[in-house]
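Handing you a structure now.
Should a chain be cited, it is by its letter among A, B, C and D, assigned in written order, with residues numbered from 1 in that chain.
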Amino acid sequence: MKPLIKQTLEEVDTKSGRYFALFIQSLILISLLTFSLETVPDINQQYGAVLRVTEVILVGIFTLEYLLRIYVADKKLAFVFSFFGLIDLLAILPFYLATGLDLRSVRVFRLLRLFRVLKLLRYSDAINRFHRALVIAKEELVLFSCVTLIMVYLAAVGIYYFENAAQPENFKSIFHSLWWSVATLTTVGYGEVYPITIGGKVFTFFVLMLGLGVVAVPTGLVSSALAQVRAEDKQ
Amino acid sequence: MKPLIKQTLEEVDTKSGRYFALFIQSLILISLLTFSLETVPDINQQYGAVLRVTEVILVGIFTLEYLLRIYVADKKLAFVFSFFGLIDLLAILPFYLATGLDLRSVRVFRLLRLFRVLKLLRYSDAINRFHRALVIAKEELVLFSCVTLIMVYLAAVGIYYFENAAQPENFKSIFHSLWWSVATLTTVGYGEVYPITIGGKVFTFFVLMLGLGVVAVPTGLVSSALAQVRAEDKQ
Amino acid sequence: MKPLIKQTLEEVDTKSGRYFALFIQSLILISLLTFSLETVPDINQQYGAVLRVTEVILVGIFTLEYLLRIYVADKKLAFVFSFFGLIDLLAILPFYLATGLDLRSVRVFRLLRLFRVLKLLRYSDAINRFHRALVIAKEELVLFSCVTLIMVYLAAVGIYYFENAAQPENFKSIFHSLWWSVATLTTVGYGEVYPITIGGKVFTFFVLMLGLGVVAVPTGLVSSALAQVRAEDKQ
Amino acid sequence: MKPLIKQTLEEVDTKSGRYFALFIQSLILISLLTFSLETVPDINQQYGAVLRVTEVILVGIFTLEYLLRIYVADKKLAFVFSFFGLIDLLAILPFYLATGLDLRSVRVFRLLRLFRVLKLLRYSDAINRFHRALVIAKEELVLFSCVTLIMVYLAAVGIYYFENAAQPENFKSIFHSLWWSVATLTTVGYGEVYPITIGGKVFTFFVLMLGLGVVAVPTGLVSSALAQVRAEDKQ
């Protein structure tokens, strides 16, 4: 019995293992859907009971899966404290904790349920290659992240000096200006804060010319590292 | 007679084939133009009759082309159920179906006419190379699409918790927040929904720093795979 | 005398040629500045006379340069009808045409003065490499440009069907929807038109997921082709 | 004694050197934080005294570090006039200058403190590789920067002619149009200025189709050059 369960739970290459993995992944998607539906006021009022029953069933199955995984693990403690062991626990713990606590704190704990999404990634194969690409480009990624942060900060300081007098509400402090800086350098540009002085506009021009290159480089690094990993695998 | 028609219809390398292909492509462009012009209220009122006559002529030519293609095909049934065989049929079918039905349903069927656009791609050569690039980068593209979807969802959940209390209308539920999430992570940033709480803004910053890299990587993958295919062809 | 002028005008590698090229480029920049300053209402009223005198002097120098270039050219007619020969002529012609015509038509002709900017590129070296990169990636660039155009059109048709009923003013026809389509797929997102129906928002999500990859690929193609040209030059 | 200080200050590979570098970097981050906090009106009123005391302590430590660096330098004058020597001086000078001047001018000098951020980069290793990548792609980067500037200018001229009559306030002159041009070609799209005429919209479409490729190419150049440097290092 135990070897069969072990095979179903841990070996995705086998037929039973593949079906079980698909089953669990479907349940995770359903649990995310119910979680989202509960936040819609109208649906929560009308179908609240249905959603809560689904919740109990889902947590029940996830608990059973978690206990079985411990049961079949060769090193039980190692599994419990492994990355996915902890995620599996975090996915069900809030439910049991919430029953003994008041409603407010439940809300915060619920966010942990989102870690379930990571279980979706458990069985993927291409992740390995992505991981190696990150290792290859690690130093450059760290450097460009630092430079990006510095750039975002410098842009905020600069625009604060140019726009603070003209728009004291939108650019009240460097921290307020940081919001503009983030929205601009990522080119999102919501458009609720933007420079109106000539100095601020010229400054924005230079910031964008310099900044866009820096902010977008990490993407190029990841994709060229991935191409390299692919080339290595081919040889 | 038949071999000549066959050559004109199927062999784009010959002189007559090239002219015929150009002729059909021009008609497709004209049919897209009339389709678009019909949606302009003023033009539809004044020139509605002209547009409808053009429509009849165009569908007539497309029907003739479709019948001739069946006539010259070696395996007639195989052509009818081939990708472009079905598209050719879908491009003319709505017109014949619409005459027997009331006007409302016509509108829905008309959308199928857009498949005509795909005929434009029929004769292209570079598609083959693009197809091979997609095969090379397939697994990474699937992985990054999944991670993008997860990221969009997690961003929506996060912003919902930060902004729901402050902007109950814009961030009513996780589904409403998804719209913000899509507009932000693609850097479109329409600017009709944006975070106003400090928590929401800091969260947006981290989401963008992490998310932009992920969302933009697939593009880099496609172009580096295309460069690889080009290099392979050269050797 | 003539060989000296020829050397100064045509050979940028020599000392006198380099200084002359720099001198002409400075004048082009000044002429662009005066052209821009004339459009500022306040400045045009106060300093209009100064700007017009500068204009006369600049056109005088450019005319002299053009005549000298014809004078030193080995094949005079070939120069006059060469790309840069025509640009040099177009840069000065509007001024002489305008004096004999009324003021309205001058405005249109003035736009031709902008071709002067292209003279800036005359002496650049890296252009050659960029040209070769374009040749390498030509077919892919044409394909992706076509697919981009089709995508922009399909997105406009789709959003028209979803949003026309809810926002008859913003999405009046497919042509009006094209504007939304362009602003969205390029991620500019001005934010004056955006979908408000659930169907329109879900459609936008799919359009962006598919479209962003397509629209941004050409950039990656150009830069990888440039890297290839650089590698070829190195060997 | 002196060799020990020299080792701590200049050799980051040793244990004491690494701890000292980390200590100084933390102080720089703290000094940036106090600088930012001073701009928040509420915090400046309540905790102004605390921030100013922290300021005095930080400048004291930075001054001590600067003097020690001169003391241990082999060529003292060379250090003082080196890039980081000047930055270290600029980081403390405004404080001493400000005490003898009135408060207004202090504000301007304070901006120089931002150069401290660059000290963060002093000890980084990956910068060297980034520097080599810039050298490799230098000519292309200069070319594309020039073309980008020309494009931004041409787009501004074009939109000025299309929109000036319809929106005399937003597109008052070519200089006003430049702001639209920058926000559009970088795809930030704040949305406070956008074309409303049909001509202006069609023009924007063509500008974006051509311009996006050009503006985004430098990023691709940097990342492919970085990949090349990495490949060279590996061999």
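In this section, a residue touches a chain if its C-beta (ideal position, glycine included) is under 8 Å from a C-beta of that chain, and two chains touch if they have at least 3 such contacts.
Quick caveat, the model's predicted, so the values are computed rather than measured.
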Chain whose average C-alpha position is farthest from chain C's own: A
Angle of the C-alpha superposing rotation, chain A to chain D, to the nearest 5 degrees: 90
Interface residue identity across copies chain C, chain D - same or different by half: different
Centre-to-centre distance between chain B and chain A (centres being mean Cα positions), rounded to whole Å: 29
Centre-of-Cα separation between chain C and chain A, whole angstrom: 41
For chain D, residues contacting two or more additional chains: 187-191, 216, 219-220, 223-224
Chain A residues touching chain B - in the complex, by the definition given at the top: 32, 35-36, 39-41, 107, 111, 114, 117, 120-121, 124-127, 129-130, 145, 148, 178-179, 182-183, 186-192, 215-216, 218-220, 222-224, 226-227, 230-231
Residues on chain A engaged by chain D in the complex (per definition of touch): 136-137, 139-140, 142-143, 146-147, 150, 153-154, 157, 160-161, 164, 172-175, 184, 187-191, 194, 201, 204-205, 208-209, 212-213, 216-217, 219-221, 223-225, 228
Complex contact set, residues of chain C against chain A: 187, 189-191
